[in-house]
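In structure tokens below, several structures.
In what comes next, chain A is part of two complexes: it sits with chain B in the first one and with chain C in the second one.
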Partner chain A sequence: MKEKTHVDDINRSIYDFRFDEDDFYKVDSGLTPEIVMQISEEKGDPEWMKEFRLKSLEIFNRIPMTKAGPSIEGLNMDNIVTYVRPNTKMHADWDEVPEEIKETFERLGIPQAERESLAGVGAQYDSELVYHNIREDVAAQGVIYTDIESALHGPYADMIREHFMKLIPPTDHKFAALHGAVWSGGSFVYVPKGVSVEIPLQSYFRLNAPGAGQFEHTLIIVDEGAYLHFIEGCSAPKYNIANLHAGAVELFVGKNAKIRYSTIENWSKNMYNLNTKRAIVEEGGTIEWVSGSFGSHVSYLYPMSILNGKGAKSEFTGVTFAGKDQDLDTGCKVLMNAPDTTSYVNTRSISKDGGINTFRSSVVVTEKAKGAKSAVSCQSLMVDNISRSDTIPVMDIRCADCDIGHEATIGRISDDTVFYLMSRGLSEEEAKALIVSGFADNVSKELPLEYAVEMNNLIRLEMVGVIG
Partner chain B sequence: MKINQMPAITWGRLEVNEAVIDDMEFDKVLLPSETVPAAVKAEDNGDGRKYHFSDENKDALRLDIAIENDSNTNISIEVEGGAYAFVIEDITSASTGTGLVETSYSVGAKASLKFVQIVRTSDAVAVNRINGNAAEDADVSLIQIFVDSKANYTDVRTVLEGDRANLTCDTGYIVDSGNLLDMNYVITHKGKASECLLSIDGVLYDGSSKTFRGTIDLKHGCAEAKGTENENVLLIGDTMINKTIPVILCDEEDVEGNHGATIGKLDEDLVFYLESRGIDRENIDRIMAAARINRVASLIGDEETAAKLTKYIQE
Partner chain C sequence: MSDKKMLEVTGLKVNVADKEILHGIDLSVDAGEIHVIMGPNGAGKSTLGNAIAGAPKFEITDGTIRFNGEDITDLSPDKRAKAGIYLSFQNPVEVPGITLSNFIRTCLEQKTGERIRIWTFKKELEATMELLGMDPSYAERDLNVGFSGGEKKKAEILQLLMLKPELAILDETDSGLDIDSVRTVSKGIEQYRNTVGGSLIIITHITRILDGMTVDKTHILADGKIVAEGDRSLIDNVNDKGFDQFINK
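Moving on, here comes the complex of A and B:
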């Protein structure tokens, strides 16, 4: 009989710390027109945005929840506080950020990463950005990297109005409507024509308040021939009550431009992560998604690429790790709506300790997409016999002149491989952690070194329970 | 009415979770025209027919069913432990409207069933349901050919109950312009070391529509089970609707699940080669389409059926 090694639950203390927020401004829990207007007043929205929020709330109340995906019965909107403002303004110098908030980001390694490997950083604490900065040489190229609220009132106001929630309309689904009603924080990036931002920008989202929601909006426009790598990170301490993340990411990739959008998501395991990400790509443009999903109690996350110009490309590289008390429904959507478009999807998922993984995808090739090519590869690993892994891909092809491939496998860690590694001196846990890290290398090799290390640490944390 | 429902649903806007047809009563009982081998016990079974196989029987049970509007044909096949059954079901129609054929099978321990089904209902709509289960060491071979039906809704559900139960399913289809094929396969693994292999090969012509849903459901406890499904679709023409949904549900660690799909037109190099040998494009398409069906037809192992089918494809 095969023997199983029991791996104890892990200590996530490096992410699981918190500070009191007694002096923070909060709206009441729940979702009413009054609360939405209160948020709008607090943020000094222009008139069109106030109307947009109320219209979104009306849509939220009207449309049903999608039937596909994990249960969100544990999420009661009446208990969610949709806006929590820290007791500080946004700063461009870490020394001006209040000590406890600064310490939070120090412990998460953000200022250090900024010094060593980033062109700019935005740090959001609960509902508002507390720090935003961009390197002078990058700004001198005309690159704009700021918070959405400032952009709404500055010289880019028209650009924001033209693009805001145009890719993800509030009618798209219930939580897109919720986002439209109560969004707060997030970043606006504009990269001018022909400018290549050689080192990444990063936004980090920290949700500290118990029972709160975070609804940041990221809007990125990369003009013709330009390039940007944007990194997104997120974490929260664990509470016994539900927290909610319903952010939105809208990416506009111009002609022959390219965006790489990388995410290491490590929300705490009381989080409902109902996030929406979408990119539209013009002729010859490229969108690359790199996604690592490790946290959350429940996730609905399917970055979508709309390939709308001839020769547009998309790549999605993802890894999802579902452990105890996690039901992670992740994947991607691709709409190929122009000739000679190509898409490539490469995902890995790992289920352990009763975790549930669902890979869900759609590849839609319209009649316009002559010469389209698409390949999807998804692999799932079951680490024990109390976990679950499902794959639910859809291909909808409406054009004969195309080449579409799909492959998927579900399996377990080979006993022979574990035995071999143990014979070389590794413990069973170490051997399995090594195998899982290798299994997930499709994502780690696409990340900058520091983030690949963080991702491998997260895998190790899940598999063995210690870092180092 | 909703039919061909997937056990695990996805986004509603893709319109793949089920098929929808007009509400029907299916209250006109239609018995098959049957050729029953001597060793097979046939009897009425409510509004349908039941066939019981109790030992090794090489001769085929032939069932010809010409569906009509609102017709309902109910077939039950029982294969006793250790027995062998060979069943050929030919579903046609000389009328219009929508008819239902429901076939259930139960295959006992160490028994084998070879079940050939041909659906070619011309201007009629076929609603074709197959429900089966296989006991320990049972072996089921399902061979299906779908051609020339205005609409064919096929729903195949099989539970591999017993340890080492095995299902192989080979399906070949051609969907002509203006026609529709909607398939739903749900294979449930309960037995340890149970295996299934779905191989679906087909051709879609301009203006046709096809949906293939294939679900391999690996239940908790089916250790060492293996499920594989593949679909290869050849697209001939300019525009058509092809939907492919290969699903694996896995609630057991020690299993293997695989699915694959390739969808596209003929390889340009192959077309160039064949044209250089003097074959025109129309004939190339016909040859390659026939090859897809012939792969499956060659598995039937019954000359009468194969000849009828080959002739039909050549027409």
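Moving on, here comes the complex of A and C:
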């Protein structure tokens, strides 16, 4: 083909917008015990939480920088404003949410997403929850869906104290310690025994102020035999100052219970996304992760499943799309620590325009895990010759009686397929977008329709430069 | 039928992986005509079909291709498709992630630049699939994924009938098909003639697919050159005596 089509860099301005944060309250840049105390006071933390924050800060200052993944040298902690709070209190009614915050949400399509069928929306603007709503019938089932700050003072205070950062202790790594010190906002969900929440609960996260980090905490406890689908969607406006996201997600899956946790992340391309997610699963329980990573400059994201009871299951389905200037280190970890546990990992990664993708997985099978089964499959697609894709699977098997498999493929878009599609009248970009969407099909078909559409739009945006 | 020149290939030389496969081909197809290209294996028949459709692997080093008066030698495959050229692939590619039905609809929308009315589209698709003896479930399966050889070829003819191009190049559409499937494909070609009235270039080395079909011109391709041309009687000649008679020894 003599006529080459140039694919322009995509116009991300569709997602990159912001409002002034004039009226907003900010703490000083840089992290000192005084700042942490200030945050704690502002939030009206109970005493134990204040101590927890200070202890976490101490750990943060003591332990060395995480060096496992891509370089995060562009991150200057002295420059990070750790806490920005919109000048509004919690709202249960959409009409009372300030106009400009509403406008940001509207441009993100949140009100559209919040339809009758959706259970509730916990939307986070900067570091504070500004809007929280839950459908009455879900609440009537005894399901608790609130922000952690409120829950710390309510009837579930003890439950939070018992679980908060027990799966992800501040000693885990530098950014877990940072999170412990400055966490702010996020969600608390409790689903009582035997209750099946038929409609997904949703939460949106977004960063707005320049240099502001976001440290939201998600704590979900699903009791024996209960079921929950939780959806987390993220996108952030673009800034020149390095942005940091170091959230934490802790999921407790009870006996024979099930959580499906779906995420589409589309951080702007200056974001350092150093998020930690972890689930512990009791006997007969199931954790299903569905994860789509599109944005950020650097990502470290490896949701972990701890299968701690007989017959516990973990399923991880993920897609990562790394474009220009993106270095995305994603994957998952599974600890199989009980008999007859099973884990499936199925990922796709796409790199384009010099983007770097690293798939990292760790499967640990302990001596207790007799009869365990694990299958890891990762496929990578490179759209051009300047992009990069690496696969780093680690397996630590300490049990003879188990069945473990791994497969990995790295491929390019086949010229024959592109020609076939073009011979039917599709442009080169359309053809490639179609191939990439098909490649990422494993994730999109796991998502609720509106998210699948959003994901395909993101792929089209990356590949063609317009939303069709 | 109009008598205007539809496809004019002049002095076409084509390289594949830096090796010259076609050494100067002249071919002229008028609107509404059926041309047959025959020749032994490795003669360059598929190369010619692919070069006309604009396959990037086939590098045109000399000569021109004109379509409806426009020089398309340097056009990308999608623009040739939009101009009205269709290639039925010898080995259709499997594309996961889009169903046969959605794919055809997307192509139609790309071609016309208009939204297709779903109801009308579905009805036409179902009727055409029935004509080709395709199970309706194939419409909702991913494009060619896990299709048998025969179903893949039928899907190619299905696309031909739905996209309605002015010129269809069938690259060994009959190869590897059982006798019933060949008949079905012939029926599809007849339908294309009746409803669209487009031109055809049929590349084949067996002739069963041509039974009962009018043929305007037959070209024998050997060693990258057209070595003989004639009417339908040339096909019978080949069936009797083979290709050897045309090849310089």
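As a convention for this text, the second predicted complex is superposed on the first by the 461 of 468 C-alpha atoms of A that agree within 3 Å, B and C clash if a C-alpha of one lies under 4 Å from a C-alpha of the other, contacts with A are read in each partner's own complex, and residues count from 1 in each chain.
Throughout what follows, a contact is a pair of C-beta atoms (placed from the backbone, for glycine too) under 8 Å apart; a residue touches a chain by one contact, two chains touch by 3 or more.
Owing to the predicted nature of the structure, the values given are computational and were not obtained by experimental measurement.
Engineer: So, on chain A, is it clash or fit between chain B and chain C?
Structural biologist: After superposition on chain A, chain B vs chain C: fit, no clash.
Engineer: Between chain B and chain C, point out the one touching more chain A residues.
Structural biologist: B
Engineer: When the two structures are overlaid on chain A, which partner does A:380 contact: first (chain B), second (chain C), both, or neither?
Structural biologist: first
Engineer: Applying the touch criterion given at the start, work out whether A:430 contacts chain B, chain C, both or neither, answering first, second, both or neither.
Structural biologist: Only chain C is touched by A:430; chain B is not.
Engineer: Which holds for A:409: it touches chain B only (first), chain C only (second), both, or neither?
Structural biologist: Touch partner of A:409: chain B, not chain C.
Engineer: Considering only C-alpha centres, what angle arises at chain A between the directions to chain B and chain C, nearest 10 degrees?
Structural biologist: With chain A as the vertex, the angle is 70 degrees.
Engineer: Using the touch definition from the top, say if A:65 reaches chain B (first), chain C (second), both or neither.
Structural biologist: neither
Engineer: In the superposed arrangement, which partner chain does A:453 touch: chain B (first), chain C (second), both, or neither?
Structural biologist: Neither partner.
Engineer: Could you tell me how near the closest CA atoms of chain B and chain C get once both structures are overlaid on the shared chain, in Å?
Structural biologist: Minimum over all C-alpha pairs: 14 Å.
Engineer: Show which residues of chain A lie in contact with chain B when the two form their complex.
Structural biologist: 66-68, 360, 362, 364, 367, 380, 382-385, 387-412
Engineer: Can you list the chain A residues touching chain C in their complex?
Structural biologist: 1-3, 5, 414-417, 419-428, 430-431, 434-435, 437-441
Engineer: Quick check: in the complex, which residue numbers of chain C touch chain A?
Structural biologist: So the residues of chain C touching chain A come out as 53-57, 60, 74-82, 86-87, 89, 92-93, 95-98, 103, 106-107, 110-111, 142, 159, 163.
Engineer: Across the complex, what residues on chain B touch chain A?
Structural biologist: My answer: residues 8-12, 14, 16, 204, 206, 218, 220, 223, 233, 235-265.
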